[in-house]
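Paired with chain B in one complex and with chain C in the other, chain A is shared by the two complexes that follow.
And now, the complex of A and B:
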């Protein structure tokens, strides 16, 4: 199958050339921030390091992290590496408390972010004949505008719908023959359910073929559900304002992880607590360095998002690295008997066991006792206690193999634990020291 | 095959669970003819023989319980010393393994049934059907 590319040369650049390009751009970035950004110069000096310490890409670990808190030093303009007059756009990212993070774009930065989106869209088969309904929030948030510019670059007709007003969303789809959607997965689920409730037949009454869903983590199950409800392809997209917004990681038609554009970002996965690199393929916190940003370069930015690197080459032929779907937030990590555990590790194990329903809960009790409460699948229950005991044993063993701690597993009735979508509290820590 | 349907409910081992379950039967005029409870620490399975098993199954399902319905063989025995022994001996002699069982006393001090579930119920039926013993049937429950 001949797959479409927006920029075939760069997207399929041999790994070696890609690494060379990264090194060159990284050097340049380090030099620029050392010279032009006092916050970084000070950080470098504290570590007794200068950009010349970078000889290879691996040397990146000698350089300091940038945390969310760092974005508030010399706020708001302190991290600019260009004169303010070169800046043409600001986006902010909602902080739950206090000031929002402010991210600045030069003219070139806007073009670059649009270029990356163009690659993503074409990668999934979009062409200039498509019509994109952009149902993310327009304004300070990067989600809608960055996608908007990228889609226009491809030549796609963009409907700047913005979020909400589901009736109107559906009217727009019908009137203009929307083929592509960009929205959050939770809203997509809702819109899909309203479409079906209205008795509309997606295959007949609508022209939808693809949805780009992102801005919040969601499961494979949710993806399939939306795909089935609307008879469309759903692609997972990842981004964060600090790294331009959407288009940082994007799935290709193989949907086995998200490609991350390595000519623009340097990818590291570190242990959330120690900051040390994890072993290849292990879950950890995604750390990103911008390699091609003019106005506000950021190095080793701690995204707090958990993922893992998929290093096998992708069948689509792109050489750029893939990460798994976002598995959660690094703040979710907890420690039991000296072992670091992420709820996502537990979730992955549970979802692979037949007889287990969607919901689970982790309770930590005194003396480092870890209890995993698991809802059983209604269909699995056949009245035989042996089967339940076997299931309980299977869960305990598989968890122990993965997290290296033997949990106490409790089987509970379906529907008794808080539901998994959204911000359900997964870990209840009752330990007191 | 002469069988009766047994309801099994999955339940966490918590105070009030049995009351919640039996409330469904009580409110809908369903009579319990026999029951058993198997508990393994934090959870258990409660089994019922009732006069209207299909109706009870639907009601449990609608109320959100984790329930299943499975056929069982019910062997008549005399409600007197040695009654269970006779039946147990017969089942053993055929090499049939009992997975779970409960008792339905049809007429006190006269007639009872030993109702049991087994892995391969059809095979058990084949082994037992020609014995001089009465089997419990759905129509006997009403």
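And now, the complex of A and C:
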């Protein structure tokens, strides 16, 4: 099957050429920020380093990280590498500290971000005949606008619906024959349930084909559920305002990880505590360097998002690296018996076991005792104790294999633990030292 | 000759058994036989009640996880070796007993044994062949 490409040449660029392009662009980026951005120049000088220390891509680890906090030095214009008059747009993202992070785009930067989205959309089979209902927030956030311009670039008809007002969302779908959706997974789940509650038959009453869901992490289970409810394809998309917004990582039709456009971003995965690179394929924090950004280049930006690199070549023919779906936030990590564990590793194991319901909880007690409470699936219960004991052993063994610590597994009644969606507290640390 | 039994998954948590029994008591459902199998963290409450479907609804409304499954109930002479004789037949026929619980009938003449095996139909046939009294649903209700 011949899959469509927006920019076949660059998307299939041989790995070696891609690396050369990255090195060339990285050099250029380092030189520009050293020269034009005092914040970076100071960071470089503190480490006794100049852009000339970069000989190969691996040398990137000699250079300083950029953290969220760094975005507030000389705020708001301090990180600009071009004169302010070259800037044509600002986006902000919610800051927990009060001030929002401010990200600036030049004309070329807007053009690039649209180009990346165009690649993503065409990759999933979208064409100019499609109609995209863009139900992300328009305004200061990047989510809606960046997608909007990318879709227009492909020639797609965009309905700038914005979020909320579910009745109207469904009306728009019916009226205009929406084929593509862009929204958050939690909202998609809600919209899908309303569509079905209304007695609408998606295959008959709607023309939906595809949904691009992102801006919050979600499980494979949630994806399948939405796909089944609406009889559509759901693609996982990842982005953050600091890196243009949506379109940083995007799934191809194989849905085995998200492609990251390496001609625009340099990807590293580091240990969240030490900042050291993890072994290839291990879970760690995603660190990104912009390679093609004019107004506000950022190097080694700590995303706080956890993922791992999938290094096998993708069947779609794209040479650009893949990362796994976002597994959570690096702040969630905890240490038991000297081992670093992310709740997401545990969640991944649990969700792959039949008989386990959606919710779980990790309780840490003194002497590094780790208890994993797991709700059993109502359908799984057949009145036999052996079956439950078998399940308990299966969970214990599979968790031990993954996290290298043998947890104490407790099976609990469904509906007794806090619900998974949103920001439920997954780890309860009762340890006192 | 199969009898409906209701099983309830119970976390080892204070008051959970009470809440389960309360849920069915409020619906005026009577318990004929009851047993609890337990491990260190959870247990399974098994009951023969006079209205299993209603009991299931009442328990699920109260948030419990339940399952109705089939068991056989037999009348065994209330004398030494009564149950052993029954089990011997099953053992020789290579039938595994998953669980068993028993109670003595009001008259005191026979014990009622509730039995769940890995081959329920085979068990019923076998017991019939050996002339062991299988209790019907009516028998259970009359207890």
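Please note the rule applied: the second predicted complex is superposed on the first by the 432 of 433 C-alpha atoms of A that agree within 3 Å, B and C clash if a C-alpha of one lies under 4 Å from a C-alpha of the other, contacts with A are read in each partner's own complex, and residues count from 1 in each chain.
Definition applied: a residue touches a chain if its C-beta (ideal position, glycine included) is under 8 Å from a C-beta of that chain, and two chains touch if they have at least 3 such contacts.
As the structure is a prediction and not an experimental result, all values here were calculated from the model.
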Put the two structures on top of each other at chain A: do chain B and chain C fit, or clash?
-> clash
Between chain B (first) and chain C (second), which does A:57 come into contact with in this model arrangement: first, second, both, or neither?
-> neither
Using the touch definition from the top, say if A:385 reaches chain B (first), chain C (second), both or neither.
-> both
Find the residues of chain A that appear in the contact set with chain B and again in the contact set with chain C.
-> 376, 378, 381-386, 388-389, 410-416
In their shared complex, at which residues does chain C touch chain A?
-> 5, 7, 9-11, 37, 39, 41-42, 44, 46, 63-67, 69, 98-99
Within their complex, state which residues of chain A touch chain C.
-> 376, 378, 381-386, 388-389, 410-416
Chain B residues within the chain A interface of the complex = 6-8, 10-12, 38, 40, 42-45, 47, 64-70, 99-100, 117
For the complex, which residues does chain A have touching chain B?
-> 376, 378, 381-386, 388-389, 410-416
